[in-house]
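Structures for review follow.
In the two complexes below, chain A is the common chain; its partner is chain B in one and chain C in the other.
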Partner chain A sequence: MTPALLRRSYVEATPRERIEALVDAGSFREILDPFARCSSPYLAEQNIVAQRDDGVVIGRARLDGRDVAAIAVDGRFLGGSIGEAGGAKIARALERARDGAFLLLDTGGIRLQEANLGLLAIAEICDAVVALRERAPVVAVIAGSVGCYGGMSIVAALCSQIVMTRVGRFGLNGSEVIEQEAGIGELDARDRPAIWRATGGIRRVEQGHADILSGDDLDELAGALRAAFAAEPNRERLSLERLRRCFAQEAPA
Partner chain B sequence: MQRIVVERAGGAPVTRRAHVGAVASGNLEVLCEPPAGAGARITVETSVDGYEPIWRATLERFLERNPIAAAIEINDFGATPAMVSLRLEQALELAR
Partner chain C sequence: MRGSIWARALLEGPCDAGGFPPSVVVCDGTIGGRPYRTVAVVPNRGARFPRARNGEFGLDEGLAVARAVRGAPPGAALISVVDVPGQAFGRREEAAGISLALAASVAAYIDERRRGRSLFTLVVGKAISGAFLAHGMQSGWIGALNDREVEVHVMPAASVARVTRSSAAEVARVATVVPATARDIATFASFGAVDDIFEVVDANAPAPDEIEAIRAAIDRAREAGLGIRAPLERLERPEAARRALARDVRARIDKAW
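So, the complex of A and B:
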């Protein structure tokens, strides 16, 4: 095991550092980098400063020699939300992928400031994942401090494999939304241990919603990502039978 | 949201592009690239209004200490002047 001071943490790394550390050394080539200024035109109108890559990093990289699309959402910018530009970057990267793709998802889902354009982007991304997974692996990694929620949790669920860490959280609705809609009796959004018990990586792998549990160390995650590419696609995840079994198990007696 | 532009003539041009930081709480994004013309031009977009004198002082001091020619874009989300200076130094180290 690597000594603590030499370990490199996924959570501490930026989206570009995360991709660089997970793929074959020196193989990442970014497409539409920040200097391409492919950013949101709608945010300035709403008095919000835009980030020039729109919070999404895409490019090509090698993974054990495979030519894959590398995609990372930047959870630091507006909660890793998906707008028109960032969504289009993800969808096009998936459509052009050759031997598979991976998505480092650190995202709250659709960017509310771009409403319907965000919804449309999620539909395009889902479409691209479903098309690509028929011929090559599509792997989601949920290991950032934002987690993976909303529309992007649907994207993750469609992937052939999901890698998580205990830091990662994965659910359709965020805890605050659940508290607001279903009441504090259902979930207290301030109760962080309860949130991780319900939606954290350990629980999600136990339930079979996610496939591989890894530590936060970048080298360990690089191994987990390669294992996910080598594994058979999980076709069970969204089967009606499995979901019925899950609900039956989790319904209160 | 406020837009601020600071310009300074002369200086040695940077040779490479550099991108550092993020538009995240207390943070900023810096895009530094070789200039189109001569001199340095820094454009700032900040989410916090009313701090133009502090921005000018911070950016002019940076350009005084580093007489470069560059096109620098800053997208700010409430960073402190110390954070701004550190990010600019970081970008310059990568761009020179």
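So, the complex of A and C:
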């Protein structure tokens, strides 16, 4: 047990601090760091200040000695949305990965400001995840305050293992968008406890949609990530029979 | 009901495969003597989930499409006929985990393609967001009708304005300067994402010569092995003029890895 004062919170850490804390000490080497300038050229036109890494951090690291691709989406930049540059970073890192990959998914999904380029990127990322998981572990970690939504939630569902914390939420459409599009009678986005009960880490692990529940402490998450790499890929997650039973429970009477 | 019209019209001797919900049309038939299966998601007013009654891609649709794809007859190529207004937005869907319904469909398409089954897509109407990701985007070959109602995007137009708290006029202006936010098929094709665009007089009533042209294009593409191409291969096509940034990022990663 780490003494309370020495505990470090995942939620409060930056994407780079998160990766550093989860992998073998000192092993992370970032590729296309902010000095490499890999920002979106489409945002200025929409009155948004771009970020030099386009909100995605990638690189190589060691995890119990394995040579893995580390990928983290920065939830603080445009809701962790995926545009052309960030999407290309994720897809290529997955393709280059040798002994597996992990994705720290703090993301609202496709970046609306780069709509169809994000859409294409996600289709490519899905294929890259499936190709990689046939030969090595691909682990999704959903533990940030944005959660994992939209097209990136499909990506997470394709991974061989999913680690969540109770703070992490895993869904397709965000509650604000559902309330706006379907009305407050469908969903009250202000009812935060209900949203976490339905889509948070505790529920998702209980449902069998996610695999490992961890605390927010970075050391504990580092252990959970290693456990996920050591585990067999979850082949049941997308089993049609299992999903049919899960979905039947939510059907209107 | 464009989806069901085209799913049947594309095939010679179409025969509905039994055992699917009314929202998913599955047809088996041939083109030029070779076996094909078409799959379309269509409106079903009687769907048990109320947020998936207008053709949206919902929980049951994800499972049914995955089953139709994985269970296609041996040797048959798949054609995803796409007219989907989006994924189902609802509280029940989120609680159930609708992401997994879409992922089940995506996984089915990817697995079949990687095993060598040819995948084709014909966009005949709306191709929006998660629904298009789950049904159509994993194909090696994507064709589309040249029609006003054909559009590709990540959100319905009205929702974009609401979510970004801007006006419809501003959304339209941005689309002229940032092509990625445009909705028309010609712009989508400039990302190298579309292999063929077909002229039609009435997209709701396909004429025999229009159908013949599409069948011929698909069968040629099958012959050339285009149906088993991975999505990333699109990036390298000369037509992908507007994706230079993605290519550049990938090249820079390779240099540094």
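Brief remarks on what is shown
Please note the rule applied: the second predicted complex is superposed on the first by the 251 of 253 C-alpha atoms of A that agree within 3 Å, B and C clash if a C-alpha of one lies under 4 Å from a C-alpha of the other, contacts with A are read in each partner's own complex, and residues count from 1 in each chain.
Throughout what follows, contacts are C-beta pairs under 8 Å (C-beta built on N, C-alpha and C of every residue); 3 or more make two chains touch, one makes a residue touch a chain.
Since this is a predicted model, take the numbers as computed values, not measurements.
On the superposed chain A, the two partners chain B and chain C both fit, without a clash. Put simply, if you stand at the Cα centre of chain A and look at the Cα centres of chain B and chain C, the angle between them is 110 degrees to the nearest 10.
Within the superposed three-chain model, A:Leu119 lies in touch with chain C and out of touch with chain B [touch as defined at top].
Applying the stated contact rule after C-alpha superposition, one finds that A:Val49 touches chain B and leaves chain C untouched. Taking chain B and chain C in turn and counting the residues of chain A each one touches, the greater count comes from C.
Once the two complexes are laid over each other on the shared chain, residue contacts for A:Phe77 go to chain B alone; chain C is not touched. In the superposition on chain A, contact of A:Thr14 is made with chain B only, not with chain C.
By the touch criterion defined above, A:Pro34 reaches chain B but does not reach chain C. Per the superposed model, the minimal spacing between any CA atom of chain B and any CA atom of chain C is 16 Å. Contact residues of chain C toward chain A in the complex are 48-51, 59-60, 62-63, 66-67, 87, 89-104, 106-107, 110-111, 114, 129-130, 132-134, 137-138, 152-155, 159-160, 162-164, 174, 177-178, 180-182, 187-188, 191, 193, 230-232, 234-235, 243, 245-246, 249-250, 252-254, 256-257. Listing the residues of chain B that touch chain A in their complex gives 1, 17, 19, 22-24, 27, 29, 31, 33, 45-47, 73, 75-77. Residue ranges of chain A in contact with chain C, taken from their complex: 31-32, 36, 38, 41-42, 45-46, 58, 60, 84-85, 87-89, 91-93, 95-96, 110, 112-124, 126-128, 130-131, 150-151, 153-154, 156-158, 170-173, 175, 177-178, 180-182, 186-187, 198-199, 204, 207, 209, 237-238, 240, 243-244, 246-247, 249-252. If you check the complex, the residues on chain A that touch chain B are 14, 33-35, 44, 47-52, 74, 76-78.
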